[in-house]
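Got some structures for you, see below.
Each of the two complexes below includes subunit A, the first together with subunit B, the second together with subunit C.
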Partner chain A sequence: MRRRFVKHRLAVCGGLVVVAFYLAAAFADFLAYSDPGKLDAQRILVPPQRVSLWSAGRFSPHVYRLVRTRNPETLVLDYSADRSVEIPVVLFAHGYPYRLFGLFPTDIHWIGTRGEPTESSLFLLGSDALGRDLFSRLVVGTRTSLTIGLVGVCISLVLGVILGAVSGFYGGIVDLVIQRVIEMLRAIPTLPLWLGLAAAIPPTWSVTSVYFTITLIVSFVGWTELARELRGRIMSLRHEDFVLAAELCGARPRRIMFVHMIPACTSHIIATATLALPTMISSETALSFLGLGLRSPAISLGVLLNGAQNIQAVALYPWLISPALPTAVIVLAFNLMGDGLRDAADPYA
Partner chain B sequence: MTHRVRSAIGPVARFICRRLAIGLLTIWAISVLSFTIIQLPPGDFVSNYVARLSQTGGVGTAEDVARLRADLGLDRPAYVRYVHWAWNVLHGDFGRSLDLERPVSELISERLGLTLLVALGGLFFAWVFALPIGIYCASHRGSIAEYVLTVIGMVGMAVPAFLLSLFAMYVAFRYFDVDLGTVQSPQYLDAPASLGKTVDLIRHLILPTAILGLGAMTRLFRILRANLLDEIGKPYVVTARAKGMRELALIVKYPTRIALNPFVSTVGLMLPQLVSGSLIISLVMSLPTLGPLLLRALLAQDMFLAGAIMLVLATLTVVGMLISDLLLAWLDPRIRLQY
Partner chain C sequence: MPADVILRVRGLTKHFGVARDGEAASADILRAVDDVSFSVRRAKTLALVGESGCGKTTAVRCIVRAMPPTSGNVWFRTTAGGVVDLAALNEAGLRPLRAEIQMVFQDPYSSLNPRLSVLDIIAEPLVVSGVRNRTVIRDRVANLLELVGLRPDHMARYPNAFSGGERQRIGIARALALHPRLVIADEAVSALDVSVRAQILNLLLELQDRYHISYLLVSHDLGIVKHISDQVGVMYVGQMVESADCQAIYRRPLHPYTAALLAAVPIPDPRRRRAAYAAPGEAASPRNPPPGCTFHPRCQHAIPRCKLERPQWAELEPGRFVRCHRAHELQLRGIEA
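Let's turn to the complex of A and B:
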């Protein structure tokens, strides 16, 4: 299977992108050079900044100090660079404290500024309506969105594998009921369902409980595909010799299913799960984008896009739409990788 | 299924009955589900209403609150309210929107047309473009055009619709100076129906339907292409080619017919996605479909309205799936025998 997957060029590219994104998620706090939650009334809606690499013929990356003015006619805030003050940008600078992997306390970030606090002088992708650095929020938001996808897939894996296996193994009335339930769930347009469930979350709940509820909601619909896929596989394995042998040895149905049959379809399960992940990520993003999913102070790609909801914001502050790009890339990469995995798992499908 | 009992009715009638029964059951389940979802949030419309009232300086006494609750029937247990609600719905009475203070049926019928137009427009778009693209990709395997189309297709399938519409709005606003956040140009807003108004409406709807249909189209053309590729190698195609039939006529006339099945069979599964997609696209582009209304109703806990919208949308989807199932059974006798 691995050889077949490696031959699939696009799928391998997708896989590499996915790995890169998860690495970035693991080191999110290291990559975020500013505290993603720090408000700064003096730095509202700063446009993306350029880092100049050369200073007086020498290599010394720097940014210029931002000067804030208000346009007297349109009352729009303008930021201009004060060319006389260079703020050097250095690698592995000290910034806000955090715990790497939640374990090691440190305050080292991949870049930072010297002389002035990073939070008020460095804005690679600009800042949002509350003066928070968009790049740092983007990195941390990616971590949230990616983990929601993973946790959601795990939950729907458990549901889908158990129900799918039971349905395929026993057949008959059990199969009929489970299949009808799946059919019903698939007939309901998911968005109104999600919206309804998400709207039911009390606004007073903490960030963590909202996070887990959203994950549950997203996986509530996701398990059906997996259950169908697995049911088909289990049904075709039902009359294989090794299953018969296990039955003759007196193994109980549960043992046959979980020890003998499900491991035989691991590759299918992995492929389907990979294809389910992007759906989860994009549904979380969509929900939060509409303001019904995660809410501030939680940071996810959808929460960030929430700021880009109306056309005026998009037209005046186009950098607010930048979280759309990583979302699109990660979803695409997952799809490519999942397609390749499926082809590798089952060349005849 | 086994044929233990020989029924008096024929297999086709049995198939239709079976489908109808499942459809009805689904609609019932949906009604329970939407009612439950509406009941889930803590507090009800009255507590929300009182909170809003006190924010704006009004005062609601405890008796007022109790009377309002009794008027709305909120003091009775949930299952009584469900039966009451379902009974009324069966008689065509969806109740009144508590928030907008108008009959729910009126609010929904105002916006249902455009919702269906966008969703079906997306389906139409998918069909019209998937057919030629699928045939082209299957017959020109390995060409650069095929590669480009496949990549575009991947993007269309993978990138969520609301992101695409955000991008499209930005590009349209930035580079073409078109504001897509409307469904009608200002001069036609209050104008009576006319040819100009219809054309204007269609012009505004092209982009949303195209974005909506893109994902479905990609899925369709990939299936079509795969099916065609399977067929193209078969002996009857080789025979026809050996007899000197023109390539295009050959492909369109024989293998395409066989490969066309997914066009009908996937409609059923595409419908829920199209409905969801049309809702979220209209939320982004602020089209006056049911999407924005649903969001508003959910946020205000306007339970009759939200429940009715969910029920109507799901019912329409189920009916659509039913029609596509029956159509498929009519087109392809093999399907009938499976049930």
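Let's turn to the complex of A and C:
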């Protein structure tokens, strides 16, 4: 299977991108140089900044100090660079404190400014309407969006595998009930379902409870496809002689399913999971974009895009739309990788 | 049930409902196994023989209860000495008896889980029956591998590292793991090369001598059966048409169908002429069997009575059962034993 996957160039590229994204998610706080929650009224809607690499013929990366002016005619805030003040940008600078992997307390970030606080001087991708650095928010938001997909896929994987296996193994009335439930779930249009369920979440809940509820909602709808596929595979395995042999030596159904049947579908399950992840990610993004999923102060790609929902953002502050790019890239990368995995696992499908 | 009989099957019947378009499933019945009776004696071998599709496999699957029979009795003498009707037990009642009846399968490729090592495959019956100690299991598996002529140090390998014959040996080792008293071999050698066949058959015979195992063999090849069975039952379209001791049936078959099967056995002698007789045409469909004797459309000896009246299963001579109206008057050719 590995050899067939490696032959699939596009899938390998997708895989590398996915790995890169998850690495970024793991080191999100390290990559985010500014505190993503730090408000700054003086730094509202700063456009993306350039980092100049050379200063007087010497290599010395720096940014210029921002000067804020208000346009007297349009009353729009303008930022200009004060070329006389160079703020040096250094690697592995000290910034806001955090815990790496939630374990090791540290305050090292990959870059930062010296002399002035990073939060008010460095804006690689600009800042949002509350003066928070967009790049840092993007990195942290990516982590949220990627992990919400992961947890969701795990839950729906377990549900799909168990219900699919049971349905295919026992057949008869059990199969009938499970399949009708799947049909009912699939018949429900997902968007209105999410709208309804999301509206049912009390607004007083904390960010984390909302996060988990959203994950649960997404995964309880997401297991049906895998259950269907697995049911078919189990039904065909049911007629294999080695399954009969296990039955004849008195093995119970649970053992037969977990020792003989489900392992035979592993590659298929992995492929399905990688194809389900982007769906989960995009559903979270879509929900939050509509303001029904995660809400501020939680940070996710959907929450960030929610802030770019108006015509002003598109016309005047186009950098606010930048979270759309990683969303599209990660979903595409996952789909390419999943397709490759599926082709490798199941060349005849 | 006589004391030396370990398995007695009486009137075993398995019908499948065949759904036709727009009709209820019960409208059409496929009689896969129809009123089959036989007994297997202790430490002896009974062979079920017939063309493909005649219901041999369905019959043995009903006996091991891989599927429930429609009707009939399957009496089995347990180690404890009691007699139980396997056809009447439920899954839970069957489980303690599973160890005593084991099966060797036709296809050495699909009968071993490709994802388990040989150790895990052979150990499965032990693990299922509650043996937990790894060393005990390893020793037992090593013993079993030696018993079937494989090297114990191969137990960590996976089935794909073995040839068909070796895989069949692994299947036999698995069947023997729980000291069964009856082993059912469903076409156990028909997927193997001719040279390997003899080895596997000899292995089965050797194991029978050593452990007094009774065999119920299923085969479509009378040539193979001749060497290792004590009794032979011939099936045609779901019914048993003749059963007798092995020697007797080869020397002088009583049913024209048996004679046709015998005539089809190749004789490894270029100077001998093959008997011209064989049954023309195709085997009848168990879904729509001909009236009267199911074999009459292909039978050379058919008389008008055969088309109308269904022959009964009768004991023509001691120990020789046959289902034919003319069995008493026909002189059929067998092959010299």
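Here, the second predicted complex is superposed on the first by the 349 of 349 C-alpha atoms of A that agree within 3 Å, B and C clash if a C-alpha of one lies under 4 Å from a C-alpha of the other, contacts with A are read in each partner's own complex, and residues count from 1 in each chain.
As a convention for this text, a contact is a pair of C-beta atoms (placed from the backbone, for glycine too) under 8 Å apart; a residue touches a chain by one contact, two chains touch by 3 or more.
In this text, all values refer to a predicted model and were calculated from it rather than measured experimentally.
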Most subunit A residues touched (candidates subunit B, subunit C): B
Subunit B versus subunit C as contact partner of A:G172, first or second or both or neither: neither
Touched partner set for A:D241, first subunit B, second subunit C, both or neither: second
Partner chain in contact with A:A251 - subunit B first, subunit C second, else both or neither: second
Which of subunit B and subunit C A:T190 touches, first, second, both or neither: first
Which superposed partner A:A264 touches (first subunit B, second subunit C, both, neither): second
Subunit B versus subunit C as contact partner of A:P297, first or second or both or neither: neither
First (subunit B), second (subunit C), both or neither touched by A:P72: neither
Residue ranges of subunit A in contact with subunit C within the complex: 240-242, 244-252, 255, 259-260, 263-264
Touch list for subunit A against partner subunit B, complex: 180, 183-184, 186-193, 195-197, 199-200, 202, 278, 282, 285-286, 289-290, 292, 305, 308-311, 314-315, 318, 321, 324, 327-328, 331-332, 334-336
Of subunit C, residues touching subunit A in the complex: 64, 66, 95-96, 98-99, 101-103, 105-107, 110-113, 115-116, 124-125, 128-129, 171, 174, 177-178
For the subunit B and subunit A complex, residues of the former touching the latter: 22, 25-26, 29-30, 33-34, 37-38, 40-42, 154-155, 157-160, 162-163, 166-167, 169-170, 173-174, 179-181, 269, 271-273, 275-277, 279-280, 283-284, 294-295, 298-299, 301, 306, 309-310, 313-314, 317-318, 321
